[in-house]
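Note sheet for the following structure.
Letters A, B, C and D mark the chains in the order given here, with residues in each chain numbered from 1 onward.
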Amino acid sequence: MSITLEQAQAAVQAAHQKSIEMGVKMNIAVVDAGANLTAFIRMDDAWLGSLDISIKKAKTARFFDMPTGAIGGLSQPGGSLYNIEHSNGGLITFPGGIPIKDAQGKVIGAIGVSGSTVEDDHAVAEAGVQALAGR
Amino acid sequence: MSITLEQAQAAVQAAHQKSIEMGVKMNIAVVDAGANLTAFIRMDDAWLGSLDISIKKAKTARFFDMPTGAIGGLSQPGGSLYNIEHSNGGLITFPGGIPIKDAQGKVIGAIGVSGSTVEDDHAVAEAGVQALAGR
Amino acid sequence: MSITLEQAQAAVQAAHQKSIEMGVKMNIAVVDAGANLTAFIRMDDAWLGSLDISIKKAKTARFFDMPTGAIGGLSQPGGSLYNIEHSNGGLITFPGGIPIKDAQGKVIGAIGVSGSTVEDDHAVAEAGVQALAGR
Amino acid sequence: MSITLEQAQAAVQAAHQKSIEMGVKMNIAVVDAGANLTAFIRMDDAWLGSLDISIKKAKTARFFDMPTGAIGGLSQPGGSLYNIEHSNGGLITFPGGIPIKDAQGKVIGAIGVSGSTVEDDHAVAEAGVQALAGR
């Protein structure tokens, strides 16, 4: 099973709404179970450089089925996955990417957010994930 | 001036609605005046290979401010722009990409559609453009 | 549903056996429903340049759910999909790539073969597909 | 001399068997003396992101004729090969890639494994190497 467009748009919309509430300008990307882009928006005046980062965060979260920040904790100098970022055409391993699971806990896609601090990015991504909880 | 997210989403929504009416499964991308992705959706079960093509069509239409098919007419063997597709990380020059203009005729972005015949792709892209006419 | 490793290996083995019978040296690649490489072999002394081509053929067949040669028929100069090969990191659109379907006709992956004439490549790919027929 | 397909498949099969015994889902790649992919499998439900990593580990081990982890020890900040990962289209320098040698100790290829912890990845790669010892 993979995320549907309807689910992906619901996640994007919730993350967009959260961004407006927080007063931040985000790029928001959702990928499906195959790590392929399914829905994306870039808010007006969001950082241009965050476009690619948001998509790479979503892909990274699906590539390894864990939040991007968890990978970043292992890819530091001396860590077991040092410089894993060089794989797959470039990973982003700081917070802002989170897997999306179905009711049975199976990963069906992921969301990636970029445009503010990593804490803000993660909070907005989390709002996208929560929008699908219980569906 | 560049297309706003609100405008881009209106174009995507109109193109999506047109796709449903036509019974086709499309990838739909809108880029802004800087040729940067602004809004994107991939319909359930749309061709995987059309994801990249839809984005390249939108970018190509904005890169040269003309419909992608018009460029394709010039890039044929013997044509004045032969193999221009090798530039810019890969262009797509068959129909399905159309510039989006403001009320004064200035290009503010472009839409790219891929997932069916080039005639269908162009018709869906045109529906997206029309959604913004008069705004 | 996506092809399993067991199915992918059965397809590769059948294609390998066919290659031996034909006296050709092939690169044989199978991708899953997400167009991700699932099984691959390169026969001793097969053309080095055919490695990448076999993988691109398998991906291309899955990207558009049709034999690669069918796309090549449309991507010729003057054709409706002229130069589509510039998308998706490079497509290969001559024969040798074929989608793999389940018993219900749904595409679950694809096989790509390269190393001889396109007629030979296609025949070997077809042997791989047939190995899964009725399973 | 380079690894034969028969040898590469024996290494992959042994690594696959070891993965099953360990209860891990791996991507397993073998490259030849020219660092070209010779045999590859991806186990069902293995991490998508590990596909590319397994191939890069095998290539990296052959590029420098040493286990990938040994290179990672030198590529840390302040190390003599700091950020060598930027070369060759992306290296992976944490454990899981091991050179394969013939009876005379000459490197004839390499195996790369990814899908679990780096300790597990290395153990599975080692099982692949051992399958060819004494041949």
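Everything below uses one rule, namely that a residue touches a chain if its C-beta (ideal position, glycine included) is under 8 Å from a C-beta of that chain, and two chains touch if they have at least 3 such contacts.
These are the chains along with the protein names UniProt gives them: A, B, C, D = Heme-binding protein.
If you're wondering where the values come from, they're calculated on a predicted model, not measured in any experiment.
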Exercise for review: Give the chain pair, either A-D or A-C, that is connected by more C-beta contacts.
Suggested key: A-D
**Study point:** Between subunit B and subunit D, centroid-to-centroid distance (C-alpha), Å
**Key:** 42
Study note, to complete from the structure: subunit C and subunit D have mean C-alpha positions lying a whole-number Å distance apart equal to 25
Check your understanding: Rounded to the nearest whole Å, what is the centre-to-centre distance of subunit A and subunit C, using the mean of the C-alpha atoms as each centre?
Key -> 32
Check your understanding: Just curious, how far off is subunit D from subunit A if you go by their C-alpha centres, in Å?
Key -> 30
Check your understanding: Of all the residues in subunit B, which ones touch at least 2 other chains?
Key -> 48
Check your understanding: Think of each chain as a node with edges to the chains it touches; is that a line, ring, star, complete or other?
Key -> other
Review point. Which chains are in touch, pair by pair?
Key: A-B, A-C, A-D, B-C, C-D
**Study point:** Complex contacts: residues of subunit A adjacent to subunit C
**Key:** 33-36
Check your understanding: In the complex of these two chains, what residues of subunit B are touching subunit A?
Key -> 4-5, 8-9, 32, 34, 36-44, 48, 51
Point to revise | Of subunit B, residues touching subunit C in the complex | key: 47-50, 52-53, 56, 72, 75-77, 83, 85-86, 90-94, 117-118
**Study point:** Of all residues in subunit A, those that touch subunit D in their complex
**Key:** 34-35, 60, 62-65, 77-78, 80-84, 86-89, 91
